[in-house]
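To start, I am sharing the structure in question, which I have written as structure tokens.
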Amino acid sequence: MAKRSVLGLYTEEDSAADALDNLREAGFEEDECEILTGVPYPEGTFGEAEPEHHLYRWPLIGAACGFTIALLITAGTELAYPLVTGGKPILSIPAMAIIMYEGSMLGAIIFTIIGIIFESRLPRIFMGAYSEKITEGHIGVTVTTDETRTDAAETALTKAGTDGEIIRGWE
Amino acid sequence: MVTDPGNRVIESYVETDNSAEARKAVSDGILNIHKVTSNRFWQFAALFGIMFVLGLIGFVMRLSSGFDDKAAWGYYVALFAFLMTTSSAAPMVAIAPRIANSHWRRPISRAAEIWTLAGCLNLLIYIPLIWLLPSLENGRRSLWFYGQQKAQDMDSCWVFCWGGGVPAYSPHIWATLAILGLVVLGFALLWLSILPDLAVLRDHGEGWQKKWGRKLALGWRGTSAQWNWQYHRMGVVGAFYFMMLVFVHFFISVEFLMVHVPGWIDSLYPITHAHNALQGGVATVMLTMFFLRKFGGYKDYIGLDQFWGLGKLLLALSLLWFWFWFSSFMVLWYGKKPSEQAVLELLVKGPYLYLFITIFLLVFILPWFTMIWNPVRRSVWGPPILAGSILVGTLLDRIRLYVGAWDVAEKSEMMHSMMHMEMEEVPGTIPSLGIADAFVIVGFIAGSVLIFMLATRLIPAINIWERKEMLLYKAEVQFHRTKVMVMGKPR
Amino acid sequence: MQEHTQLSNKQINDDLLKDILTVPKWWLPAVAFLSLIVLTGLGAFFFMMYHGLGVTGLNRPVMWGFFIANFVFWIGISHAGIMISAILRLTQAEWRRPITRAAEVMTVFSLIAALHTPLMHVGRPWRVLYWIFPYDFSRGIWPNIRSPFVWDPSAVGTYLIASSLFVFVCLIPDLAILRDRVKNPIGKKIYSQLALGFRGTPRQWKLQIIAGILLSALVLPVFVSVHSIVSWDFAVLIGVEGWRSTIFAPYFIIGAIHSGVSAVAMLMALSVWLYGLDKYIKPDHFDAIARLLIVVATTWFFFFFLEWVYALYTLESPEIALRELQAFEWPYGPLFAIFVITSFVIPVPMWLFKRVRRSAALMFWTTILVNIGMWLERFLIVIPGLLRRTHMTFDWGTYHPSIIEILIVVETFAFVCLGMLLFAKVLPLIPLFDIKEGMVNRRLIKVGRRVVPATIREGLPHHYYENKH
């Protein structure tokens, strides 16, 4: 069955928190409901669960990849085309260490960026029910659920007191 | 409360628990722990006392060996450098976060400041070194550009024209003044910091603590003028202490280390030495915090915030250790100049290779690979273990550098080659550790710890007035459906 | 921050987006003027490419001149951007909020300006491709990884990519605001694509905050390594007096921080004057950056002092002769005096006064002086050592920069200014969500008759503060 989203807009943080409570009472799961804000609030402000993520794996994987590639480039090219310069050995560890370090950091940073975008569940092709008022300071509570339950969602959202705006959208 | 034109509240005041009862609870809580001295404390003090006596025996043995054999004093100088790198630098943990207004430093700043008292032991240890340091007349490189030391084939004398009147014992004079200045500034910093708490002891302490509190508090009453004076003086003295610390490390690293190794021209090394001191100081305070929490009864005062804050600092300083070392190493290694290769042979690749690898692991690799993990950094056990590793590594590092340098100094003096740009001979072995040296190292480290322990019998190890000040600026409040911590920044 | 204006989200959006949604009157003439300078500089470069490097003042023994001094200068400026942003994020300093993005963007454009200078300096830049991608394997030559000139692009390239991605990731929430505010359909589509569908869920905000801290922690080591590696272009050589010093890596870095933080202070002043952002960048911010500058400048001066002391400590006549040339002989002596006076002697004592620290105009002019001094510092490091590089006096030379070099150097300044203006036209220079977060987290504590500003701290989950462990 196709999913639909319903968005309730609020001007007060407590109204948004009440709406979330109403949705829980109405039987909606945590992962069906989301708070949308135009500014980061302290965690737990609306009574939402702490989001879990695994971002910390990404820089480690990236660093390992970067280190390996840099090691292969530096050691591989110097062994393939050995040319003694400045009286230093072909595999000069201090010199290689610099490029391997930069490679590791580049890998870590690139993978971290990818990880941030991925863990943020971006890019998101369909915005679902969304309002431009959110970036103006309104707080949105959105429910993504089956078509049959959207009315119940709307009822729960309206109980908390919106400023007259319920928006429906496609997921 | 502040409202907007639409009458909606947009700012509100936070209530902090700053009542007289709360403030009294802070004083009483800390004093109740401070008043009690357990048997275990006296047992450890006795043990450290015995070790200190052994140290004094070793000191006398070392003195009786005379000042002619420089190589024999290598371990002694290394110990002096180690104590300057640890106990003398510990107050920086109080000074820097105080300037930055970090609230997490409050429970630990006093412990950091108390370490300045070990400075008098450092001064005692320094005294024989005045006789050990060669005068400029003997012909050696120095910061003082002694008038008679002209470079070969050099016509220009502008460098020396203004330095021509420099006394031959300039390094001795200035190093002594610098170390004395550091000790005096340290005492001043500590006294300024403890004044309000001495008043607390005077008013609420018992027995000899009350008596000494009355004598040393000098009529402190807590007027606005006194608080302003104290705050500003602490800032000024703290800044001067930091500058003096860098200055002292500058002297020690040049006059007691680099000048003795022909060809060792390393402009970065004074900074590296000062940085090692910061790292050693932070590690010293970290271990102190651990012991105060575990054995001192201060579990409710020294918490995760303190270990986490210092842990981050320790990680950054360990990474900087590598950067400073590599910056020097890269320049010396790359050029392949024989004089610089000889220096690397002495300090890194030659007889001290395994020692260097051990130091590298203890001071850099181990802290880096463990402290990048949040669960280790954000714990009460992780950072102290790494602090211990760093302190052991720092001691070994001082031994590597100073024993090696003074071994070369002995040989260079014999060959009149201290002014040369290249070592005549790189020693092939490490001078052995004698019984006197072992006594001195163990004994004086124990002596520093003993001084700290005895000082905490008079001076509360947790800063009472800073804890009370925290009550003004910290509150836990309800923020919609969650609780948050609110921290004020008064300045 | 003691001074503060509490603003609504709508007001913040209006204030900080007005110069994107409309065109300020001064903007087009400024862009036209800067573009003219850039085109003139590029014209000078094409002239140089056609006629050869002989049109510059470069010759034996001074093979590095204005271009390399300029390269080091811009690498230096680029450092402070990320440093300010990263260190202030890691220390959770509230005064960072209006400054971070401008500083980060300045880093990106400074790096591009720095990179294109040596590319122009090589004379035949298309051959750089052959240096990276050998066209003829049979010659058996590959870039020599033992050379600092190979370490340079790896470091600067890493830093450029890292800084650019850092800017982009932290821009995503503001791109979402622009997506919602822009009416123009093409603009709306572009901003929508770039915003990647950001909606502002708790998960997305949490990752934004972690991104700021984690990327700061990752970029800081890169920042340290970049200028160290650039300094090793000089320090590892044994042939040039005045360059062989182990202190070069930290000396260059602290000099970079000095000039870069000064450039950020200049940017702040320009933002207030040109964009009317006085509600966001207050005298408190100038005060905070000036205090940072006092510490940085004093540290830099200590490193400068150490570098000189150790040059004299060697007691080697060529080294001492070089120092005499740098400090006393025409024209380097007067330039040396100007450098010391403008980079330390005038600004730092002035910054000790609160009235100076809190004034945008005085901070602007003192920081310009600093950057003049720091450009001269790089010049005085690069050229005098090369003048008498060889022991044979007949091989000693002089250096006179040509108009071509001057135009190209001026072009780099115009390029960075133009880049910042163009960026500010399409994207906000002050991070909106960061300012809004500051408003949400701000509280006041009443202590007797005094009101103390406070902030919600979310460093640890609140139960960690209960010391129950």
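Order of writing sets the chain letters: A, B and C. Residues in each chain are counted from 1.
Here, contacts are C-beta pairs under 8 Å (C-beta built on N, C-alpha and C of every residue); 3 or more make two chains touch, one makes a residue touch a chain.
Note that this is a predicted model, so its numbers are computed, not measured.
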| item | value |
| --- | --- |
| Centrality ranking, top chain (CA atoms only) | C |
| Chain of greatest Cα-centre distance to chain C | B |
| Which of A-C and A-B has more C-beta pairs touching across its chains | A-C |
| Chain B and chain C, separation of their C-alpha mean positions in angstrom | 33 |
| Mean-CA-position distance for chain C and chain A (Å) | 30 |
| Distance from the mean Cα position of chain B to that of chain A, given in whole angstrom | 43 |
| Shared interface positions of chain C, touching two or more other chains | 8, 221, 456, 458 |
| Junction residues of chain B - those touching two or more other chains | 330, 334, 479, 482, 484 |
| Contacts with 2+ other chains: residues of chain A | 42-43, 46, 86, 88 |
| Chain C partner contacts - residues on chain B that touch it in the complex | 2, 4, 10-14, 16, 18, 100, 141, 143, 145, 149-156, 158-159, 246, 265-271, 299-300, 303-305, 308, 319, 323-324, 327-328, 330-332, 334-335, 337, 378, 380, 419, 421, 472-473, 475-477, 479, 482-490 |
| Chain B residues touching chain A - in the complex, by the definition given at the top | 326, 329-330, 333-334, 336, 374, 479-482, 484 |
| Chain C residues touching chain A - in the complex, by the definition given at the top | 8-10, 13, 140-147, 150-151, 154-155, 157-158, 161-162, 165-166, 168-169, 172, 176-177, 180-181, 196-211, 214-215, 218-219, 221-222, 225, 229, 433, 436-437, 439-441, 456, 458, 461 |
| Of all residues in chain A, those that touch chain B in their complex | 13-14, 17, 42-47, 56, 86-88, 94 |
| Residues on chain A engaged by chain C in the complex (per definition of touch) | 34-43, 46, 48, 51, 53, 55, 59, 74, 77-78, 80-81, 83, 85-86, 88, 92, 95-96, 98-99, 101-103, 105-106, 108-110, 112-113, 116-117, 119-128, 130, 132, 134-137, 140 |
